[in-house]
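Okay, got some structures for you below.
What follows is chain A paired twice: with chain B in the first complex and chain C in the second.
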Partner chain A sequence: MALAFDEFGRPFIIIREQEQKSRLRGLDAQKTNITAGKAVARILRTSLGPKGMDKILQSPDGDVTITNDGATILEQMDVDNQIAKLMVELSRSQDYEIGDGTTGVVVMAGALLEQAEKLLERGIHPIRIAEGYELASRIAFEHLERISHKFEFDGTNIEDLIQTCMTTLSSKIVNRCKRSMAEIAVKAVLAVADLERKDVNLDLIKVEGKVGGKLEDTELIYGILVDKDMSHPQMPKQIEDAKIAILTCPFEPPKPKTKHKVDIDSVEKFQTLREQEQKYFDDMVKKCKDVGATLVICQWGFDDEANHLLMHRNLPAVRWVGGVELELIAIATGGRIVPRFQELTPEKLGKAGLVREKAFGTTKDRMIYIEHCANSRAVTIFIRGGNKMMIEETKRSLHDALCVARNLIRNNSIVYGGGSAEISCSLAVEAAADKYPGVEQYAIRAFADALDAIPMALAENSGLQPIETLSAVKSQQIKENNPCCGIDCNDVGTNDMREQNVFETLIGKQQQILLSTQVVKMILKIDDVISPSEY
Partner chain B sequence: MATGSLFKDEATEEKGERARMASFIGAMAIADLVKTTLGPKGMDKILQSTGRGHSVTVTNDGATILKSLHIDNPAAKVLVDISKVQDDEVGDGTTSVVVLAGELLREAEKLVNVKIHPMTIISGYRMAAECARNALLEKVVDNKLDAEKFKEDLMKIAMTTLSSKILSQDKEHFAKLAVDAVMRLKGSTNLESIQIIKKPGGALTDSFLDEGFILDKKIGVGQPKRIENAKILVANTAMDTDKVKIYGARVRVDSMAKVAEIEVAEKEKMREKVQKIINHGINCFVNRQLIYNFPEELFADAGVLAIEHADFDGIERLGLVTGGEIASTFDNPESVKLGHCKLIEEIMIGEDKLIHFSGVAMGQACTIVLRGASPHMLDEAERSLHDALCVLSQTVNDSRVLFGGGWPEMVMAKAVDELARKTPGKRSHAIEAFSRALIAIPTTIADNAGLDSAELIAQLRAEHHKEGSTAGIDVISGSVGDMSELGISEAFKVKQAVLLSATEAAEMILRVDEIITCAPRRREDRM
Partner chain C sequence: MTAMLQPQIILLREGTDTSQGKPQLLSNISACVAVADVVRTTLGPRGMDKLIHDDKGNTTISNDGATIMKLLDIVHPAAKILVDIAKSQDSEVGDGTTTVVLLAGEFLKEARPFIEDGVHPQNLMRSYRTASYLAIQKIKELAVSIEGKSLEEKKSLLAKCAATTLSSKLIGGEKEFFATMVVDAVIAIGNDDRLNMIGMKKVPGGTMRDSFLVDGVAFKKTFSYAGFEQQPKKFVNPKILLLNIELELKSEKENAEIRLSDPLQYQSIVDAEWNIIYDKLDKCVKSGAKVVLSRLAIGDLATQYFADRDIFCAGRVTEEDLQRVAAAAGGTVQTTVNNIIDEVLGTCELFEERQVGNERFNIFSGCPSGRTATIVLRGGADQFIEEAERSLHDAIMIVRRAMKNSTVVAGGGAIDMEISRYLRQHARTIAGKSQLFINSYAKALEVIPRQLCDNAGFDATDVLNKLRQKHALPSGEGAPYGVDINTGGIADSFANFVWEPAVVKINAINAATEAACLVLSVDETVKNPKSESAQGEAAASAMGGRGRGGGRGRGMRRR
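Let's look at the complex of A and B:
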């Protein structure tokens, strides 16, 4: 119907070249969109929970990624469908905002879409469904607040934090040593946390990986690790009480930005120029030495001559250190980044208790550790593992754990995991549904059903009978009035998540519900899809 | 309808059983590919590159074979990756790790077929791997305190490693070479300081370890061919035209006379530089960069031996050996550390002239000269020797030693079997499977040697039922033999790395239930 006629009977074109565009309208459009959204959710469904499976993703260039992380799977999946892209965005925003629960949010959205489809078939208007969902999500949101617990922690009592991180890590491949990983993550976050402002700058935590060794060798370094070696092979490999000059200017003759030429037209000039050049190098090294630096870290390269002079003056140096690392070093050692030699002063030097070079394996791999820094606010997590994919996956898992720990510091409320929070919300929403007159009631009830999808998926992935388990847990929650009953994924023998120590953050869960409702609302509101057809 | 267009064109998605099957088959294919190279009677592979010249490599080294393959299967890539890491970390056992991972997956496939959940298998494998490691830890022998015995251990390990390679004929000779070289390192794992020079010609047995240092370079014309009590300056500096490094400088002249003047000035500058270098009181000068004819002549005049174009590693090693520092400026001769050696001379190996530094101050570095009939032979010999050196240098640090010849696998299998009997639940199937996978390694060794593996393994198992048995497969006589008598040893570190990485890789592949392959990036066809 994209063709209309004006009062003289002439057609005018609303959509140009419409024969060449495929177009879906009304219920068809909604159904197609819902199917696409569900398809994405179905892919992720099996990755949910501690017994979730991994996916192999092969990139266009043939690189292989093996992962369990929802956001990573979706990001690398190379989807073409517009609605599927919305789902990808959904998981990404959960990743940016919270860092964890990226799989859950997509599964939740998928379940909401599935329920919406049924309601659409019964002739309920999509906007009414969307409004009902909105109401229900608010109920669930408030209910979560009610069932949440706060726990206190300080620098010494970190057990609860560790337990929460362990819940996150248990669904990843690193769950073999989740305890030590969780400890590393919590300690790292606490080291950089600003407990008064309740804020954590995760940029201060550097995650570095090196292939080789075992996962158990992963360590937390209170300092910085730089994947570089000393610029001259004969420089000392270990410096105690180092005073570090952090430079962003190269040990090379100056290169003024303005175009210029130095013309040499006589022998004298040639010689003076030569002398100046030598003096220049000498000056640079001398300046560093004069302010009392015992280690030079430079963002740029060195000239051979400068390198030898440094070596000669017994001033070890590291070259080609990246900008981000340089900043971290500056933060950790309390030094200032110096852009010009002239501005080098003793106050601007950073201090570190120990700087050492360490070699790995049989190949010539060396790394520089900067430890016992003046200001230990920057830390490094150094991951070892059997192969590159393992390390990449560990990095992602640790990122999740770090985010969880950070969220707890921001807001120390938790809900219980294992699907218990979802079941409890589902019950609350179900109960509230009857109070609403009108069509929204159906949508609210559907929302309650959708909430059941997460514990159901958990049970399914753990090899339990999904429907039986879910109904048993649900009735138990009502009977005992205990919102901590969840799915016993690990076959521990108890349903009470408080005993199993399975926690999740409150904001993570709340965010999941809000974000997935929002996306579903958006998808439901679309009633026309116009796309260029194949050409 | 929507699922069809969820991904871009050409992207494929495989789910559940199919995905698992694809990864199992891929991984097992890779394992089977290298399986035949395992053990002392393992066979070699010819690899032909697709590049220009279709150069050929003949090798027995698992990592080298896998590195050169073009693989599309993602699970297979995981195996290639672990083999590479094994090579980087411990240097040996690159084939074993792939074969073990392949066997673990083969067993896992059977279990999946009888409807055991992969997660259950994984948890069983984990328990088994832990148990196997502990079993090995109990049986290790550590001779670190006894220097004599320790050296003997090293010798045995080197011989065991070499016996599966092309050098097996002269393994005693090469084992001695490798042990001597590693002992000189004094505990460092930096194999860079052991230089391997390959010179075609002669027989493998003509290979030798040189205490000093050999530089594959020629001495400049008219310079002394032999220097005693040499003082060496090791440098990294430009000895062609010394460029002005200040940015934007250029020479501008307006007459021929000026050109001549500048040329003279340039020459003068070089002469000064050479004079400064000579003022260090040296009689040998080694530079990383080119030395032009003019300074070379000046050096010859002063009776200084000048060697140009030594590569960076060569320079570093030379600095290490002679104890000199690598210099780039020459203004303060008194504070530059010079290198020393008793004698520099030109020697001939085969047809080639090399420079030999002997009687060096610090004996950390050394050179192994390999001789052999063909370049392929030499390449393979180098790889084998590299394996042996890696293992030895790791063993020097972690001196725990195990017997070889399938003994560790049998010990582990026994312990894991016992664990399986004690474990209730479905996991015990997985643990049992782990023990079967372990036994597959000695089976393969026996098969490759053309022995009756079923018979031998059964005998071996019976032997191991006794406490403290040291029985393993004696491939030479084709029977069960006493490994401690035969002197077949392996490093604990290698075995542990094989066990752990293989389990890790198998676990990784087992966890997968979906493979999504993106559309390959389109390349511009210039055909």
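Let's look at the complex of A and C:
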């Protein structure tokens, strides 16, 4: 790459190692960037909707992931192109903020880029296009608000929430039992939600999976599930009305943190030391017993001697429980984490109605259920499935559903799915376009066309005739003045999404439109790409 | 070719690149113009962005002149001057970095024909300096002061300045939104010179409209230990204790060793250690603080201890954030927990942990001394937020400048056209060569409106002629007319609130003239061979490959 030449046609060396750098500028740069962005969108296009297909992704280590979650696909694709990376981040930020609609946002951006390319060829200034898009996105944003519906829900009436979550899950591999999954997700979110502050901390929902069983066995546990077993095989497997001591100190003689050394120079001293140690164990177990604990959960391990003593004193124990789980147990049971034995008091014990160890199938795997807790602000979703990939995908799908439920708690407005919202916006934008003088009008119209890409892809993926179906639905929307008409992906027989109960969250849709516009603007604004040539 | 046969006197080390005389000067000018061409298209509201991808794989998408110049990694000695002026403009006023490079490039371009015709560079330089002096006088004369207005009025005026800066950036679509935010932030920190009192936090996700301003401090939730979730997450009017000590159960002294001969003493040592940490924790609790922040770690023990007593704590808070909390809440950072008196505790109206995107944020708002503000930026991609941060930085600098100097001029190329007209008029009164030079200086200033038109895809010549006509009106009413970026015509920039602080223009003209003069005054470059032989070889082989037989320096001497 050379910026300038002297009178003999030799390049000046202006930039370090300029021979090895490549530069693309002007329309070429924009076209290359658009092509890259479109390529990414094309990959995801087939994953959209209830009949969307999954992708199999193999990592360099040979791990296999099967998913149709846009964010996950892009994350694992390990793209190298800079513009493609922007698309990856686009999908990621939709994931962070909303959790759902990660595929749709990329497809939308791809469609916008495709339309922009056509306008660029007509010689429209890229920034005028971007500005037109921005105007259009605002129109669409407001239009969505207009066609949105609010629905009320409370602790008992959760049907609408479940329906919305079902829409999300219907595109996933788990759609076989989406009803039960959606129920689980909604109940879990409601259990941990702070309805007053409209805040949901998803950290309090633990998602645990285990290979085996079938998907239908997936359950919601109002309490905690720990992938551990009782420290001694002879300990009782079931404890009712358990009082739980939650300890972060090991069952062993305490050690000062300062470097230390015990000098033993006689048999007597050795004996006392031994006795002391014995006494420590005795004391510890006794203290637990004294405060009334009937179960000990310990962050660290304890050796066989302590184990034996615990067994002897009839005090069941669980060892090596991770910090996060410990915290969740403490929250769920209303107990306090106790850092040393001296501080154990009856008030600090957690309470659970039932603690049981459960063995699975023919394997020796056991897990501990802590249920009927005093405070059920921490819950666990326990996923069963035929294989590891299935469980992983179910986890991701449930995450999406959880996010959707959370968003509804934050903002209870919904729009109708199945591409109906996009079609309605497209019509609104199209109608508004004529009011704008200047070049932007073209860009606004292009935006309306781009909005059609989502229902089009939905129809295509469902095996329908995309153009025919879309135009039929569009005309139906106008004729009946009904913004709820969408693509009938599941062949139910009606186009009215209200009857089909296909809902999406308003903020999710709005976010999709705004985010994709933003990224497209960024891509359009670039007219100069300077990069080392190996890329 | 006869010169080649003469015995060469070797004065400098082998490989040294020497070039001199007029050709050298011309080649320097070409290099500078080439660099100015790179940033040319980024000017103005319809300016484009550059994507620069460096060797380490970092990607930057930017519209900011200084950032682009820095990332280009320019090695040409003369062209480097342009990088420096862009940087100095950035640190001095924060905005107008593209303008300054463009102006310098244009001054040099105008000088080129004169140099080719044999004018002595010193003559040119002298005229350029006079012209820049006159231009600056004129700007000062034309500037409108916004001093003495009420706060509300001033706020809206400052927002106009910020909006002008932001209009050329990626976040231009939401310029009003961000301009108000920036003005609020700058007014919040008052006359404090410490810019780091405005914190910027970047959270990917969401749209840029989700960005918000906290009239206090916000930072990401720090690493937390088990027990954290049991702490309360919302306080009204809490007392805040700021610490710079570790609250962890660990050995007090690193290299101490305890020898025990009696196992019975064992327990006492253990207890002693526990007592030390409990004593510390107890003092924190006794101070009455409800929020405890520390720059160093707060261990799991302490977390649980505080959770038991309904106190919120966060360890490993970054130094910057801690300082900001101290400034906002009015506390002092303590290095010990002894003797904590009420005065060292800060307070704020509301403390809350809130979900922002995928992260949880600790937000302190409604701080009494209110000398800090935090902008939480949201956006669809990392590069997007990075660029937004740079743009906001520019806007913040502009607002601060405007607040201090409180004079503004009309943007959109209006002020440049006006100076240009004034200089032309002035030039006619001068006899001698200088007239030509000042005329060319005046012509160079027109590059700003011309480039604005070019970038927007308008017919530059047409617009410029309209502007010249307007500005030439004897009544002087055409002075604030600049390019109307929306219609492709001309408009009164001042009335349309396209404003920039006068100091930006003054500094830009000054720096650009200085740089142009500097490049013009050079007539010889002595470049030592690279000490890293690898680099030299790479360059040499590249040159050899072109079949020119030898470096540029020797080629020059041959002429």
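Some points to look at:
Quick note on the criterion: the second predicted complex is superposed on the first by the 518 of 535 C-alpha atoms of A that agree within 3 Å, B and C clash if a C-alpha of one lies under 4 Å from a C-alpha of the other, contacts with A are read in each partner's own complex, and residues count from 1 in each chain.
Going forward, contacts are C-beta pairs under 8 Å (C-beta built on N, C-alpha and C of every residue); 3 or more make two chains touch, one makes a residue touch a chain.
Keep in mind the model is a prediction, meaning the values are calculated, not measured.
In the superposition on chain A, A:234 contacts chain B only, with no contact to chain C.
By the touch criterion defined above, A:351 lies against neither chain B nor chain C after alignment on the C-alpha atoms of chain A.
Of the two partner chains placed by the overlay, only chain B lies in contact with A:43; chain C stays clear of it. Of the two partner chains, chain C is the only one that A:94 touches; chain B does not reach it.
Judged by the touch definition given at the top, the superposed model places A:276 against both chain B and chain C. In the overlay built on the shared chain, the residue A:261 is in contact with chain B and with chain C.
Within the superposed three-chain model, A:176 lies in touch with chain B and out of touch with chain C [touch as defined at top].
In the overlay built on the shared chain, the residue A:199 is in contact with chain C alone; chain B does not reach it. In the superposed pair of complexes, A:527 makes contact with chain C only, with no contact to chain B. In the superposition on the C-alpha atoms of chain A, the part of chain A touched by chain B in one complex and by chain C in the other spans residues 33, 253-256, 259-265, 273, 276.
Per the touch definition, chain B reaches chain A in the complex via residues 1-3, 5-9, 11, 13, 19, 23, 72, 74-75, 77-78, 81-82, 84-85, 88-91, 117-120, 126, 188-192, 236-238, 242, 244-254, 258, 261-262, 264-266, 269, 316, 319-320, 325-329, 331-332, 335-336, 390, 393-394, 500-501, 504-505, 507-508, 511-521.
The touching residues of chain C, counted against chain A in their complex, run 27, 30-31, 33-35, 37-38, 41, 45-46, 48-55, 59, 61, 63, 72-76, 79, 170, 173, 204-210, 225-230, 234, 249-253, 255-264, 266-267, 269-270, 272-274, 300-301, 304-305, 307-308, 354-355, 357-358, 360, 379-384, 387, 456-457, 486-487, 538-539, 542, 546, 548, 552, 555.
Interface residues of chain A, counted against chain B in their complex, comprise 32-33, 35-36, 39-40, 43, 46, 51, 53-62, 64, 66, 68, 73, 76-81, 83-84, 173, 176, 211-215, 232-234, 252-256, 259-267, 270-271, 273-274, 276-278, 280-281, 303-305, 307-309, 311-312, 359, 361-365, 385-390, 463. Within the complex formed with chain C, the chain A residues making contact are 3-6, 8, 10, 12-17, 19, 29, 33, 82, 85-86, 89-90, 92-97, 125-128, 131, 134, 197, 199-201, 203-204, 248, 253-265, 269, 272-273, 276, 299, 323-324, 326-328, 330-331, 336-340, 438, 511, 514-515, 518-519, 521-522, 525-532, 535.
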